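Data first, discussion second: the structure below is written as structure tokens.
First chain written, first letter: the chains are A, B, C and D, and each begins at residue 1.
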Amino acid sequence: MGSTFGHIFRISTFGESHGGAVGVVIDGCPPRIQITAEEIQKDLDRRRPGQSKITTARGELDQCEIVSGVFEGHTIGTPICILVRNKDARASDYEPFKDVYRPSHADFTYDAKFGTRNWRGGGRSSARETIGRVAAGAIAKKILREALGTEIVAWVSRVQDLEATVDPLTVTEQQVEANIVRCPDEAVAAKMIERITEVKSEGDTIGGTVDCVARNVPSGLGDPVFDKLEADLAKAMLSLPACKSFESGSGLDGTWQRGSEHNDLFYNNEGRIATRTNRSGGIQGGISNGEPITLRAGFKPVATILQPQQTVNSSGEEVVLTPRGRHDPCVLPRAVPMVEAMVALVLCDHWLRQKAN
Amino acid sequence: MGSTFGHIFRISTFGESHGGAVGVVIDGCPPRIQITAEEIQKDLDRRRPGQSKITTARGELDQCEIVSGVFEGHTIGTPICILVRNKDARASDYEPFKDVYRPSHADFTYDAKFGTRNWRGGGRSSARETIGRVAAGAIAKKILREALGTEIVAWVSRVQDLEATVDPLTVTEQQVEANIVRCPDEAVAAKMIERITEVKSEGDTIGGTVDCVARNVPSGLGDPVFDKLEADLAKAMLSLPACKSFESGSGLDGTWQRGSEHNDLFYNNEGRIATRTNRSGGIQGGISNGEPITLRAGFKPVATILQPQQTVNSSGEEVVLTPRGRHDPCVLPRAVPMVEAMVALVLCDHWLRQKAN
Amino acid sequence: MGSTFGHIFRISTFGESHGGAVGVVIDGCPPRIQITAEEIQKDLDRRRPGQSKITTARGELDQCEIVSGVFEGHTIGTPICILVRNKDARASDYEPFKDVYRPSHADFTYDAKFGTRNWRGGGRSSARETIGRVAAGAIAKKILREALGTEIVAWVSRVQDLEATVDPLTVTEQQVEANIVRCPDEAVAAKMIERITEVKSEGDTIGGTVDCVARNVPSGLGDPVFDKLEADLAKAMLSLPACKSFESGSGLDGTWQRGSEHNDLFYNNEGRIATRTNRSGGIQGGISNGEPITLRAGFKPVATILQPQQTVNSSGEEVVLTPRGRHDPCVLPRAVPMVEAMVALVLCDHWLRQKAN
Amino acid sequence: MGSTFGHIFRISTFGESHGGAVGVVIDGCPPRIQITAEEIQKDLDRRRPGQSKITTARGELDQCEIVSGVFEGHTIGTPICILVRNKDARASDYEPFKDVYRPSHADFTYDAKFGTRNWRGGGRSSARETIGRVAAGAIAKKILREALGTEIVAWVSRVQDLEATVDPLTVTEQQVEANIVRCPDEAVAAKMIERITEVKSEGDTIGGTVDCVARNVPSGLGDPVFDKLEADLAKAMLSLPACKSFESGSGLDGTWQRGSEHNDLFYNNEGRIATRTNRSGGIQGGISNGEPITLRAGFKPVATILQPQQTVNSSGEEVVLTPRGRHDPCVLPRAVPMVEAMVALVLCDHWLRQKAN
């Protein structure tokens, strides 16, 4: 019962990697929003496999169909179902190790929880599930952009030790999309691509971090004490496959500072109350303060590697696994639209909540 | 509407720093659990102000009353209300700056959100709110301990650059409680206390990290895809005052490794499927795998400092704030029982959810 | 986990009949609403026992304390906790039959569900729990009245066969409060009082119906398909003790008519689209249409009678129960403020939901 | 945001009458339940239009596809999406009155709420939405039947004044399905069919009641105080199109009785604590007591009639509407599987909730 997210703008995703389809139902989307399948497709294309030489070769076009909730080009306040059929499913790739628990995958835990599992491509634990999120996020992003002028931009900020220098106040989606690794620091981006290519050739994987900024977010979003904006953003990030860390604003760096260094001093910026620094990352007491919201999500290296590994099967017998199949050497470039989608879903939900305040 | 946490074991906290009382209502607590006010008080005492020279001097005893839900010494399945009266409230301390927005506090954002605020001691944004969480967490911890043998231990793992060396497999609450900074590495603990004392004397504050381990958690807890165990734990941590980061298992360190280094290999440990390493932190695909759950929460330096700071008042006029009042130079020692409580609440909720599976 | 009601204006009640206290936490109440304990007390006094010769003699004053969420006379957007101490609890009345299942009470089912129960006065199943609802409803009524001019009036429409004639378009609270049975048809009211007095003298009980109208409700409230306004109203009514039926608009009478008789024809009433009749009871397709919302709730006779009854004890032995204790011969007069409260809670929640639309 | 129902066994329906498809996502269905599209289809066939001469002529086969959540013939604990394509949509039927508010339909209220509406066949307010409920209900019924032996049987108990005599203790689905009006009292059923045929020939519609019994429900289901079993059943019924009343157990009849007549006396029935009568309808204090659960839902006459009616259009102009299109002269026969489905959904959810207790 964990496939629903959001309180007012509420999404329920469904579908497994190699089942018939994946998708999402959005309940609570405001009416009279112009939306087309093409707009949604744009973000799905940023997420889809096979988009570049540094992503998995699985050849899914991930074409979406709006099944309900949109009439004569706009939303009508009823649930929006968006469906994407699985096309390039090769279940046979997984047949040889259907009883084997792949290390650091969810095979064992799904079995422990449900007493059964869909062994084809990880089933529900596959990143294909995020198609529904990205589709819903595309709508949330549009709503926020049109109603508030909110811009949400995510980018790959670090691959292993390769760290980019990016200004969250000015970075644009175009800059992010200018290269296949989605890092707007071109020099570092080139090194990242090289590193990923090299690691891929060794059948190995690597991780790193994605940063995200949301600009033009009104003050007042977030519901203390449990639904603080950063609490919901943290949950949103950690719900993404392979995400293992979250930082808000100054994050871990801030824990090294003194209060006298870390505090953001208020001033009057031509009539708007603003802060001179933004170590709070746009959120104070769990509520947005009008400054840009900044956050960072850390992703571990993908568990699927093309090297032999010791493991056990469902009978508890120790076996050696030599995986086949297509996989991502580094999840980060495809995680960028997922992070943007989740941030948009959280902000859209909290914006609607604030309207009810 | 953000004061409720949990799906089955569901808590609602209430109360402000200087209002009549703070407390919690727990809905969904299983029946027939033996519980006394004394057991709850034990954790409240670990959280309360004035407990040592490195915490705030506010002299609250934080005595709890069980108002409902417990009959003849045990829970009866009805909502449990626990109440703590505010005693040592000195609202007058705050009167001089009732219209001033304290830097990096929630004064401005509460005003922006609600169009009004309780200026006495931060009102709802005060850490006093966590009394309700710690009280509920004491019950959750007991339930888990008696039903599953689960042990939840948190400790201060780092203050600024002072980092402790602690073994999560063996650390005990007694070791944590052996000193006032709640760091089981005695040598480092002494330095931490010295550092906090020094910073306090300068009217400044510092931050750091709290680590937590949950041992003897059965496999199968956590509900993909949004209510993954680490997603709910992340939300739980980031909902705590001053928390700005969350790491699960290997956390940020893991993002520097390769998949071939990071993967946890399964083996058959005398009939139990186990992993040889635990970089996953006991959670795979959002579901517990039976290994110890490990996490880290980062806390920024407390915003209240006793040094003059530039800021604005609610009319937008720039003013200098020279705070008075009692405050914590470092939130970490008191955050330890809060972290334990939130972890217990998440695990107890997911354990009950799993029973319904 | 069933003690929470509402999605945005969300209440959680707590407390048992003979425990320390009963009360409510309201999460999601809008800020800046002027509210005093006296205003809440007014409705609690209409609900309290011992208010007249036709109610139970239990002498509770039910004085409420606002524990949190109100500051300087107005709500501040944080959870509002309201507490009422139990004073005139006579647990000893119940001691003789602590192991006996009283017929048509909840003794057996609570034991079946929880494996334990608070045998003092029905514990949580007592109508004392509705104190929290009535307190929260007083606030909801005020919000609706001030924001929308909404008037919610309930009255006793039938006691057994004694049926009142009342015009829902004009009936006022003053008319309802003009007599102790809360029936605005004075002639019938006198007969009802006589009947209840007679039945009471025989140690017996009777039931009937309560009608309610909500005038000046804007069109557009209600969320198809499951949270239809009448679905939430039905749930609200059936959650009240002793309520066994619900009718919306024409209700059961409407099921005897033809569509050509039953349909409400639209017309243009000086610029407002209105209906010439209101068999829909102000709700069409689960959404309010601007006409008065009308509903009826049926209450069974109170289960506590002062006559010997065959039953069993918790060991399954058949015993004869001759109850003592104070009880209501007819729940209807005290149900009137409960019905108003629940209707107000539903409407207030849906009004806030609609603001987020 | 009202398209989700249930707390643990949680369904979200989607789709409009003349959109691409209708369907449901079930989140929280237990794993390892054998289920096929054919089993679901059986109940969809009982619900579908065009099944007999007394239902609408719309020729939908309503063939369902299980899109996700079922693998190798059984559920796997992940969300189950079931899809039914709309085939025989004749949007042109509705084009002439796309701006006209049909009396007692939801045209006006959807416009008032959303500022737009899908005018084709009522859009979301059409009874086609219940396809998702019936599909989910088929699974819930199977779960309850296999785990608990629960039998849920609904039937048409009254059409206008034509009232059937049926024994809830023994009535079977076969008896219900023996005729097209779904009334197991054959003599009355014949009259009902005659009446409906006659009314249909006059372009008019009629209403009545559906009764439902659930046998072999364990004691202990239901969560006081708001999620009482009858509160959730009431909400479930009133969320069905055209439903305007709900009665639990003795219902309205019980409100005429005295407590001494109405109380259900307990006795020891060969080791099981049982009641000699069942006026409580199997529910006491909101919790099941092990006796058959009995309820009644009243349905108003369908709003679509083939007679000219006065109304207004969206500009507020008064117009005469002479509808075309296919419609049901009496919703009751098709409501039977809907009622069963909703009862099954409520019971299945509460059974899973009780497992978590």
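We take it that a contact is a pair of C-beta atoms (placed from the backbone, for glycine too) under 8 Å apart; a residue touches a chain by one contact, two chains touch by 3 or more.
These numbers come from a predicted model, not from an experiment.
Colleague: Please indicate which chain is farthest from chain B, where distance is taken between mean Cα coordinates of the chains.
Modeller: So the farthest one, by centre of C-alpha atoms, is D.
Colleague: Between B-D, A-D or B-C, which shows the same interface as A-C, counting it as a repeat when over half of the contact pairs match?
Modeller: B-D
Colleague: Can you work out the whole-Å distance between the CA centroids of chain A and chain D?
Modeller: 39
Colleague: Could you give the separation in Å between the centres of chain C and chain D, each centre being the mean of its C-alpha atoms?
Modeller: Inter-chain centre distance comes to 26 Å.
Colleague: Going through chain B residue by residue, note those that touch at least 2 other chains and give them in order.
Modeller: Within chain B, residues 1-4, 7-8, 13, 28, 31, 77-78, 110, 113-114, 124, 224, 353, 357 contact more than one other chain.
Colleague: Once you've mapped the touching chain pairs, tell me: line, ring, star, complete or other?
Modeller: Topology of the interface graph: complete, with all chain pairs in contact.
Colleague: State the interface residues of chain B toward chain A in the complex, per the touch definition above.
Modeller: Residue positions touching the partner: 1-5, 7, 13, 101, 103-106, 108-110, 112-114, 124-125, 129, 158, 160-161, 199, 204-209, 219-228, 230-239, 244-252, 254-268, 271, 273, 275, 279-281, 283-290, 298-305, 307, 309-312, 316-318, 353-354, 357.
Colleague: Which residues of chain C touch chain B in the complex?
Modeller: Of all residues in chain C, those touching chain B are 1-4, 8-10, 12-16, 19-23, 25, 27-28, 31-32, 65-69, 71, 74, 76-81, 83, 110, 113-118, 120, 123-124.
Colleague: In their shared complex, at which residues does chain A touch chain C?
Modeller: 7-8, 28, 30-31, 77-78, 224, 352-353, 355-357
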